[in-house]
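Input: a single structure, listed below in structure tokens.
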Amino acid sequence: MSTTTAGAPPAAVPPAARVETPFRRFVSEFAASRLALFGLVLFCIIVLVAVLAPWIAPQNPYDLAQLDIMDGRLEPGSVGGSGITYWLGTDDQGRDMLSGIMYGLRISLTVGAGSAILACLVGASLGMLAAYAGGRTDSLIMRLVDLQLSFPAILAALMILAFLGKGILNVVIALVVVEWAYYARTVRGSALVERRREYIEAAQCLALPTHRIIFRHLLPNCLPPLIVVGTMQVARAIALEATLSFLGLGVPITEPSLGLLIANGYEYMLSGKYWISFYPGIALLVTIVSINLVGDQLRDVLNPRLKK
Amino acid sequence: MSAVLEAPRAAAQGSVPIIELRGVSKRFSNPLDFAGRLVKRLGVKVREDVVHAVDGVDLSVRKGEVVGLVGESGCGKSTLGRMVAGIMPPSDGQVVWRGQDLTKLSGADAKRAKLRTQMIFQDPYASLNPRLKVAEIVGEAPQYHGLVPRGGLEAYVDDQLRRAGLDPSLKRRYPHQFSGGQRQRIGIARALAVQPDFLVCDEAVAALDVSIQAQILNLFMKLRRELDLTYLFISHDLGVVEHLSDRVVIMYLGRVVEEAPSEEVFARPNHPYTRALLAEVPRIEARKRVFAGVQGEIPSPLNPPSGCHFHPRCPFAFDRCRAERPALKQVAPGHRSACHLNDAA
Amino acid sequence: MPASAAPGAPTLEVRNLRTHFLTRAGVVKAVDDVSFTVRSGKVLGLVGESGSGKSVTGFSILGLVDPPGRIVGGQILFKGQDLATLSEEAMRKLRGNRIAMIFQDPMMTLNPVLRIDTQMIETVLAHARVSREEARQRARDALGQVGIASPDERLRSYPHQFSGGMRQRVAIAIALLHKPDVIVADEPTTALDVTIQGQILAEAQKLCAQTGTALVWITHDLSVVAGLADDIAVMYAGKVVENGPVEQVLDAPLHPYTLGLIGSVPSRNRRGEPLRQIPGMTPSMLNLPAGCAFRARCPRAEARCAEPPPFAEYRPGRFARCIHPHEEAVAA
Amino acid sequence: MTVFLLRRLLQAAGVVLVMSLLVFLGVYAIGDPIEILISPEADQIERERAIKALGLDLPLWQQYLVFLGNALRGDLGRSFVFNEPALRLILDRMPATLELAIGATLAALIIGLPLGLYAGLRPSSPVSKGILAGSILGFSLPTFWVGLMLIMVFAVQLGWLPSTGRGETVTILGMRWSFLTRDGLAHMLMPALNLSLFKISLVIRLTRAGVRETMLMDYVKFARAKGLSPARITFIHVFKNILIPVVTVVGLEFGGTIAFSVVTESVFAWPGMGKLIIDSINVLDRPVMVAYLMIIVLMFITINLLVDITYSLLDPRVRLEGKS
Amino acid sequence: QTLTMGVGAPVTSIDPHYHQLSPNTAVAHMIFSGLTTTDGHARVIPDLAESWKAIDATTWEFKLRPGVRFHNGSEFTAEDVAFTFARVPNVPNSPSSYAIYTRPIREVQVVDAHTLRLKTAVPYPLMPTDLASVMILDRETHAQATTEGFNAGPMAVGTGPFRMISHRNGDRIEFERSDNYFGARPAWQRVNYRMITNDAARTAALLAGDVEIIDQVPTSDLAKLRNDQRLALSEITGLRLIYLSFDHSRTDSSPFVTDNDGKPLPANPLKDARVRRALSMAIDRNAIVERVMEGAAIPAGQFLPEGSFSYVPDLTPTRFDTEGAKRLLAEAGFPQGFRITLHGPNDRYPNDSRIIQAIGQMWTRAGVRTAVEAQPWTTFVARAGRQDLSSFLIGWGTSSGEGSNPLRNLTATFDRDKGYGASNRGRYSNPEMDRVLDQAMRELDDAKREALLQQATRIVFEDVGILPLHIQKNTWAMRKGLAHDPRADELTRAHDVRPASAAK
């Protein structure tokens, strides 16, 4: 036994074929659900369609000069005055629904992602600040969060939009205002937990400066719940924007989002011109479902509690 | 073999304390908010919750010494360790590092003092940042503090890993790919990388299996010899402490109740709590013994008993114990104990 | 008193138990050929390192292995009846009644939202046709039995109002409600402080002696086993590698792993001297090498060790799974 | 408990004050009610008279102080449009919204809990996967669109249910409720279902997640080790634990439901508070808007308080004195 | 015997003098009566007054109908009229009071129980027209009446064909036939008057059979409802003109008009009548009427439809001519056109936001690159009223059915003291027109007055002071078996509905 007293030999390497990064592990766990993978693929296609809309859409539905009301409310598959075929029909302005949906996706996704990113930035910073500063700062921020969370999003957004007026930017602002609190609460929650972890103490012990501890050690470990909240909030923001547009406060009518397309077509529902709101509705549904599918799986994969 | 051991201890006798705690206390409180104060003003009984995690502790550790800190859960061992390591300021008292008050040191000096004291943590899972590679975990601080020349970091990290008994080829991996023992070695390499001379080991082996525990304990001893390190070794495992320490400090509910050289404590425990503790420790040598158990529960630090904290569980308690806090008094050379029985005798 | 001298048939006999987990990554042979016997009033200490399969063995006895785990072989003979073949309903009737279990973490074993009395009375009513009042009376008695003062008041409390030690005692009281023949205790003192551990061990000892319950005490702490158990079974990588009376195994183990384990206990070493350590790490349960799983860390290892060693009785009452067993006294 | 209540009271007062200011400013900024309210035939003199009559000629801060002073006396102003106390108008409409929201919440619990329980207990069965997929759908469908589809199918195509409006009512405690009459219930069915769609999904997911997490807990295993029947484990040990998050979230969501009924009420022409507020926004009936928002805020504070108290009743670990 | 109606606009008050709003007026017509009233084509006809005449330039005499009783049995006399006129200006908090109709009256002389003389300061030819809006209350019953009293029911006592039984604010009002009514007996014993503001919901309610008649049929549903065998429609050309208003207030650059590079223009092109005419020519009104309004409107060239008092027969809608518009623009100095933002509400008039988009398309084709911005009425109308906009769509309903009303309100020069131009949001001003209008307003002779009003109208529209688009048609849909007399003034009243078999 005396051989071992010379100090432990270098510990054996655990058998692992390739270096497993947290990212790779995450990818493989995510891919475990076929439904989620399907959602992801679907979402990617949707994003692609939205991004490429100006190149692949048959018409620019936002250019009034390209529309002709004489082509209004044509059935799917009709051929319009200028000879183009409206595969999904047209709305009351003679707007090609297919193009309208592609561009509408652009708006909806921009609004959803834009508001989610901005809200995340604002919320995460405030949440981090609350968790790290503690005391009065913390309680002030958290009271603000409570206030925001207890106030119904839809009402708050209605008020803000009534105040700011229409426009994509204003919708984004309104959504940021109603959503930041979710991020703040999430980040604060996980930061408070992570903060007490020993690796943070170790970093303090190594005399690393506070900002480095926050941004290099604390923040990355608070990200998973944030990502989950983020995806869910993108879906929520898209739905909320649609509802706001439906209630008449949202994006401008000449640049309709999916929600506004639905709202426009809503009036034609009873008269049998279903396509004006049905197809955008389906597009909206598929988008939100795909995001939620992805978010759902993220929640499972990133939730440490379900892991043993 | 024992010669290896005696040398540093001899050196330890005369030298100045590397760290000294003077009447150090730590209180955690949750101050009443406005509503609370208002209600209190109205005469309703509300109490501010104050935890006296550490209550007036004096302790000095000399260079090259291994001091074992023993006590039951929640008695304030970790808190004390954190204050020694400089990551938590004391509420009262002074932490003196090589003759300088840590709290009064200025930026650069404070940083240097902080770096010279490092901590090894209990939980090998929580003490490593899961999002950094091993090389980053070990190399971050030396690089940040400029302890290694530019370009020399790779080799430096390799050295640290090798010294902690890890294969440097593993440094591109993430913590979750290691076993508990290996992680503990990473933690040790991280601490050693900033060239400390004092290590606070907070339950550093408690989470490990016996066979792995032996490996890590051996590593500690090896490093002590090689790097002339001083240790504050916190543990609730008396066996480990007995094996490793030169001096043992026993805490109960935030206070030091006994302090003596290792052999002395195990041979002639003075404080009733120490005696109970020693009696309860299962020993592999003691076969089919009859357990008895110290009576009573460990009191809450929120609401500690008056006088001597141990009196509700002490079979020898008398009136004075309930009223007066016993002071830590010398009962033999180098052996101090806080018990009124010593006065009575 | 040697175990073989105990009168009567063993209360519980585990024979070649195999419990495997069919995970996506592969088959985890968490328990792979485990055998031991416990007699009435005796304590068997089941020791081993983390992940060696101790808990799974315990759960297998109670039929509580969750999918993807499954008992794939062997027998669990409880008073001659094979539990492994019993229906779920029949098993449920035994659980908490004839066979009880105590868990490691007292903070987690009691349902936080139910009062102690609810949790105790439901256990009584699950197996006995008695009135609620009588059930409460039994619960009260059980609490008194484990040394809890003012049981009436305590019955109306919620678990969070108890300290860890108290909760563990409540758990023991629940296990005792039907005076079971076997109690499987899965590291019940690991999470507790030394002085409180002493209290629990004292309780356990007393009860075993009084009621004649056979006790399977799972732990990784050899010192606890030394003080408490009559027999000891040492597990390594899902297998029992050594089995026998406590004194003999601890004084002169047959298996090199047992030897290494005892050697690495600090108090078995000279103060200040390096500890004897077992080199290397515990192997992953996912891809265990064929043959002796310990051979990579074994000082006695040789080519023959690549063959699976038999679990054989090398001395009377002492079994080991090693092809070159020899008693090696542990230096003090 | 006293501290807790007092703290809540203080917080509530603060919140109400801040909200009143925000709401007042916000509502003020939206537009000029005179333009909307006044008859187009009115000439300039008549306009000036109306501005004065409605107190809109005062500077904003004075208007706010007047409002605050009246509010302290329980008077939230008179509706410009109806010339009735705004508070009375809203309270008059409240039962309609309340019964809708309660109906939706009950529906969510009655439908969501069993489904979630099943999905949580058998996570890998195809039915559970179907339930989960369905819940995603419930999350994703825009309320207004579903509402219209419901009307199309059940009222117009099938003619089973009345399309819109509130049916017969019965007066209890001076308030009109429709859930006690057959006709009233028939009218309520679709809007309540529409409103509950999102909540059903929410309850399913909460329950499922809760069950899955709880089933992994040691105490469930311990309960099994005690030999309890699966039914008792599920319905006592697991259920009581998942009830805590479910009650909390559903309770907190209740406020959201009341707010979200704005959409449902306008689709189903349900004469509740939500429709009142939308109509009031359309005519800039400031007193009603402000009063509505104040009432909503108060309602939220109350709901939060009730949720906290319920929470502490359900979860013995929570003491209300506990620090926030 | 019971009629269930679904109306699109909420009734806000039962008090007939509180808030002037057409749904309120409709309900007031069912409960109360005025001295005069209007028929379906907005012509003034007798109601509580049997006849009236101007006995001198500043005195009107009204002969009241005898034997009329209020719902509660109390008798109707001239005192009640005097009482009513006294109450009208004094309704507390009224945001939009009826005082504008009684203000010209200097003095009320009760000659006898059924004769009344009204003195005015200046000749006031519109007196009988204006009084159609003032509902007469009972002096005994209503002495202490408050708006809440009306809403709650006890005060809702009038001389009209129906008594109010219950009122659920924002939801429904229930009526019962009054046996005291002096006019033709309504066909319905009970009326359930439900407010369903959402268009689709209202149509759905009719389709589902929950209501028997609805008003404000959404244009999108017209085609379907017309083809539905179970349903019948009634329709009439209304009195609401939808028009575009231009910024006349600025001579320098107007906020939403820029050159093609987006830079402000030095002068406001909208001040140039040629530009305005060009913009008018660029609009295909028939396309809007057919495609956007789905036939529920007629193209307009002036305020009122044919057959109205002061209609100008030869003032036809501007002919659609894109090329002509381009030529005119070039003539005005804009051969390349310019850029403009057209504003409009999105929740006020049928298809309002669709119309402005369609106009946007048309103007853009004529070389004026047009952006379109639709806003909720609340925000929009405030901006329009502040002269924040350059061009916007808005509407005007001439409930009185004669031309002086829009001329005074929309196109007369803004003048606080005269009370003219109150709704002239573009601040159009034409002294010539003002002069003719003043003359007309003092002319008691109907024929002469009509000629003057026609002259003023011609001036406005030849100058394109405002740009008329179309006049809406009012439509009602009902189950087969009902007949409805449609009203040009958009009011939906139960006594206009009867079983189809019953003779009028």
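All chains are identified by letter, namely A, B, C, D and E, in their written order; residue positions are counted from 1 within each chain.
Heads up, the rule we're going with is that contacts are C-beta pairs under 8 Å (C-beta built on N, C-alpha and C of every residue); 3 or more make two chains touch, one makes a residue touch a chain.
Since the model is a prediction, treat every value here as computed from it, not as a measurement.
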Steps needed, at minimum, to go from chain B to chain E via contacts: 2
Pair of chains joined by more contacts [C-beta pairs], B-C or A-B: B-C
Longest centre-to-centre distance from chain A, chain (CA-based): C
Chain A-chain C separation of Cα centroids, rounded to whole Å: 50
Chain A and chain E, separation of their C-alpha mean positions in angstrom: 47
CA centroid of chain C to CA centroid of chain E, Å: 90
Rounded Å distance between chain D and chain E, as computed from the means of their C-alpha atoms: 38
Shared interface positions of chain A, touching two or more other chains: 4-5, 8-9, 11, 14, 139, 162, 266, 269-270
Chain E residues counted as touching two or more neighbouring chains: 200, 204, 207, 347, 376, 378-379
Touching two or more other chains - residue numbers and ranges from chain C: 263, 274, 276-277, 279, 281
Residues of chain A that touch chain D when the two form their complex: 35, 139, 142-143, 147, 150-155, 158-160, 162-163, 235, 239, 242-243, 246-247, 259, 262-263, 266, 269-270, 277, 281, 284-285, 288-289, 292-293, 296, 305-306, 308
For the chain D and chain A complex, residues of the former touching the latter: 11, 14-15, 18-19, 23, 26-27, 29-31, 129, 132-133, 136-137, 139-145, 148, 152, 156, 212-213, 216, 252, 255-256, 258-260, 262-263, 266, 277-278, 281, 293, 296-297, 300-301, 304, 324
Touch list for chain C against partner chain B, complex: 49-50, 163, 165-166, 193-203, 205, 220-224, 226-228, 230, 246-247, 250, 260-279, 281-282, 332
Parts of chain D lying in touch with chain E, wherever the complex brings them together: 30-47, 49-50, 53-54, 78, 80-84, 89, 92-93, 148, 151-152, 155-156, 159, 162-166, 176, 266-269, 271, 275-276, 279, 281-284
Chain D residues within the chain C interface of the complex: 217-219, 221-229, 232, 236-237, 240-241, 244, 314-317
